[in-house]
Amino acid sequence: MFTMEKLTDQILFDVIKPRPKDSFKGTFGKITLVGGNKNFGGAIIMASTAAVCAGAGLVTTCTDPINASPLHSQLPEAMFADFNDDEQVAKLVEPATTVVVGPGLGDDQQSLHILKNVFAHTSNQQNVVIDGSAITLMAREGLSQPAGNIIYTPHQMEWQRLSGIKIADQSEERNKAAQAKLGATVVLKKHHTEIYTDDKVYQLTIGTPAQAVGGMGDTLAGMVGGFTAEFSQHPLQAVLAAVYAHSAVAEQIAESQYIVLPHQISRALPTFMKKMEKGHDEDHIGFLN
Amino acid sequence: MFTMEKLTDQILFDVIKPRPKDSFKGTFGKITLVGGNKNFGGAIIMASTAAVCAGAGLVTTCTDPINASPLHSQLPEAMFADFNDDEQVAKLVEPATTVVVGPGLGDDQQSLHILKNVFAHTSNQQNVVIDGSAITLMAREGLSQPAGNIIYTPHQMEWQRLSGIKIADQSEERNKAAQAKLGATVVLKKHHTEIYTDDKVYQLTIGTPAQAVGGMGDTLAGMVGGFTAEFSQHPLQAVLAAVYAHSAVAEQIAESQYIVLPHQISRALPTFMKKMEKGHDEDHIGFLN
Amino acid sequence: MFTMEKLTDQILFDVIKPRPKDSFKGTFGKITLVGGNKNFGGAIIMASTAAVCAGAGLVTTCTDPINASPLHSQLPEAMFADFNDDEQVAKLVEPATTVVVGPGLGDDQQSLHILKNVFAHTSNQQNVVIDGSAITLMAREGLSQPAGNIIYTPHQMEWQRLSGIKIADQSEERNKAAQAKLGATVVLKKHHTEIYTDDKVYQLTIGTPAQAVGGMGDTLAGMVGGFTAEFSQHPLQAVLAAVYAHSAVAEQIAESQYIVLPHQISRALPTFMKKMEKGHDEDHIGFLN
Amino acid sequence: MFTMEKLTDQILFDVIKPRPKDSFKGTFGKITLVGGNKNFGGAIIMASTAAVCAGAGLVTTCTDPINASPLHSQLPEAMFADFNDDEQVAKLVEPATTVVVGPGLGDDQQSLHILKNVFAHTSNQQNVVIDGSAITLMAREGLSQPAGNIIYTPHQMEWQRLSGIKIADQSEERNKAAQAKLGATVVLKKHHTEIYTDDKVYQLTIGTPAQAVGGMGDTLAGMVGGFTAEFSQHPLQAVLAAVYAHSAVAEQIAESQYIVLPHQISRALPTFMKKMEKGHDEDHIGFLN
């Protein structure tokens, strides 16, 4: 039997510390996001927005060229690459602190080709967040899990596909056993989201039905990616903090809104994260790049 | 003789209830919007923005590819499909809780082809909002009314075309008779908008001339679509609430503005709708998707 | 000798009146703007934004197709047409209450072709605002003044080209004589902008150097267009009110800003114009379109 | 031995003065920015946004055509040119008060060709800001320094490439000697950014690690460009003021944010700069263009 550990805001204070004075953008990691086909461009844009606003140092978005313009219209901070250019994607995946693959990727042959290319270029020093249709494709096509510190962010149906455990049978024991077999972190998105790790199972007890909006999961994947790149010394803590922060910010917005638009969470992150480092000193630094 | 029932804000409290704790985005319906040709892309963008901000669970916009970029520039929450791809549009229309067709669709042969494709794939379990040039095309081309819970949102000239009743002759009796023949809900947009239903005729007594701005009707169509998808248990109530909320929000904005831009109404909806659920409990839930 | 009449805020109160209760978008005119080549798309976007925010009923922007996406990204309320499609431009120019031609039009052969097409389709019942490179083209190519209530909005160099009066020689007397010969309204943009009309010469005594920013004139052209479409019963008064409002809003913004971005003036118009109608009653109306 | 002069906010008061009453947009200079390949469009957009918001009179952005739409989506005030059109770029570089080359330019053969074209058309009367990959290309390809008042804005690795001094060896003495050999101003971006000039070395002692975000340097390059165009009588003072203002604004934003998004600095400039001119009179002027 497992006892789930309920997450509290302590995880935020543990992870979100004042930035070192002599930091530069490289200090906060590189993140490469891959997704957004011709139909689902919004998904990878929302994930990328989350990564930038969370504070990842350098953010590159590999997506269909149709999405370059709307990406840069709202997020000039991100760099763009054509996700059909295997060589360029490989060059962007390899040096990344964190790779996020899946938001809006789709599940056709093109999607599969891109996913395989990404998986062929990750390494064990990296965090790899696998989300959405990337999970579906892995399960359907029987792809091997790539190298890396793997973090899955499935909803219950995607978890069924990946683990083979039907939604009705997804007990903590079975989920934990499936996680152990994968050797990965699993963020199982549901009412009271659960995070399965090698050592423990964590439960999120906050959140609001105002989050039941398309794109909310893409934003979470981007935040998990952003946090693991930025706080890369403690990647598991970073995952837990991202999951907690996502719902904590949503709750604050939902105090005055019937629904929360996913990008609102991202845009609120800089202010929210500032509050988390309170009690620490702030110093000035002049490194610009 | 009919006695029109004047709508009051009670309709908002009847419809906009706290979301159930264990809801997920599927709880709030799927909406597929079809419109926006090369010239009138703004119309379908405004309708889609209204649907997202109203809280529909999953929103897909079928439009001319030229509109994909500006759609995602301001509304990454919506998915995109090429409205010229008959097969894809059919696949998106069939599972939708609500279909909205017409905003910015145009009235040429391409528009007609798209409209026929949509009409061929609706079913009686769905809400189908028919707006703008879709109404004109139906009347001009003598198209049969499609399957579904049909909701027309004509202005007076479009109603003339559809019903054959000249504007000067559009009395409540004649309008009601035409509505009965159609077996549909008719939202007749005018000074004191009237909603004709099988059982009753409702009248809107609020609103402001600050709403006399291009795009206001597209936003209303999107809100009617969004509300019927989200509050699908009571589609007629949802229509009435959407019509009322549209003008109620506009009135609030018009207290400090000479004109109301349509997208401002959409963006104000999450806050407005939150106020409507007041008096109910709020609880937290963590289901993310 | 002329005595210039100094404009005061009385012109705003004279023109900006509460909208009639039973108004609809057609009440406030149609405006067709033509401009924005591949390089200067921002100019026609800024002019169109001004027209929409000023409250013109229906706004159509004829421009290079490259500008359609950024137009709709920030201004879904405007309709788009390809300014290279002579037939479509003609169909949009003919029924317009006001035509604005010139912002970002450029001065090459394509620009000239488009300008001639516009000029061939205006009529005496319309207001025609001729701005920027359209003025330069007229002078350089010796184009005849088109039909319509013509309003020129030159800066001093453009006025030199059009009138033949060198900047150093642009006295009120000479300017008035040139205006009389043209039989048009001339808004001569300069330190203390002057408006030459058949009967009088008006002078603007407000404004701020914070307005010395690229795009400020495009915004003014769009406001002059928007006001003449919306307040079409008194087109000269509408011109004067637009010129005055443009600088009055800029002065307000400049109280807290070193420079004023042109689009900020447009976005501030709905609130500014609301204040101008103060003292009048407000009533509700439900006409939506 | 050098004694670095620490910059204080006095530099802001020295440079940012009330605008003259009879100014027009030409008073504040022309700036031409060149950069933004297919992947790095956001960089040149951020630099251009900084230039516009700083108050440069006329801003033209020469970039890959893929970036035209997102540029105009968020910054209609800037003009666009295709950076592959050598002739047009030359025509835009030659009359500019300031040229900024490098942000997002990339370092491939196309980038090199564009850079050479820019360098072939600058003259000694102009300020030329050389940033990012333009510095890398110069060093790698052994390009001669172009004509102009040259301002380099390297980070430490770029400075190593340009000067040949390894990062660990970048002492003030060596840097100053390298600067003297170049005969240019060098803004060396690092913890406590240093500005090397013919006469002195200045040090920035403000700034925050919240600035360690991708795009921060592009924004600085745009500000340096904007200030030198606008305050062209004192280009060195303008550089110093731009560097100081960049971090001063960032510090203000960082009081409530964990990170600062680069475009937030630009958007805050008009308000920030207004405060700097306090104590001076404000007068009205009506020159519009």
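Order of writing sets the chain letters: A, B, C and D. Residues in each chain are counted from 1.
Criterion: a residue touches a chain if its C-beta (ideal position, glycine included) is under 8 Å from a C-beta of that chain, and two chains touch if they have at least 3 such contacts.
Protein identities per chain, from UniProt: A, B, C, D = ADP-dependent (S)-NAD(P)H-hydrate dehydratase.
For clarity, every value in this text was computed on a predicted model and none was experimentally measured.
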{"item": "Partner chains shared by chain B and chain D (touch criterion as defined above)", "value": "A, C"}
{"item": "Residue-number overlap at the chain A/chain B interface, same or different (half cut)", "value": "different"}
{"item": "Identity of the chain that, by mean CA position, is farthest from chain B", "value": "D"}
{"item": "Cα superposition of chain C on its sequence copy chain D - rotation in ° rounded to nearest 5", "value": "90"}
{"item": "Chain A and chain D: spacing of chain centres that average the CA atoms, whole Å", "value": "34"}
{"item": "Multi-partner residues of chain A (at least 2 other chains)", "value": "69-70, 73-74"}
{"item": "Complex interface listing, chain C residues touching chain D", "value": "38-43, 45-46, 49, 66-67, 69-70, 73-74, 155, 189-193, 204-217, 220, 246-247, 251, 254, 256-263"}
{"item": "Complex contacts: residues of chain C adjacent to chain B", "value": "16, 18-25, 27-28, 52-53, 55, 57-59, 65, 68-81, 269-274, 276-277, 282-289"}
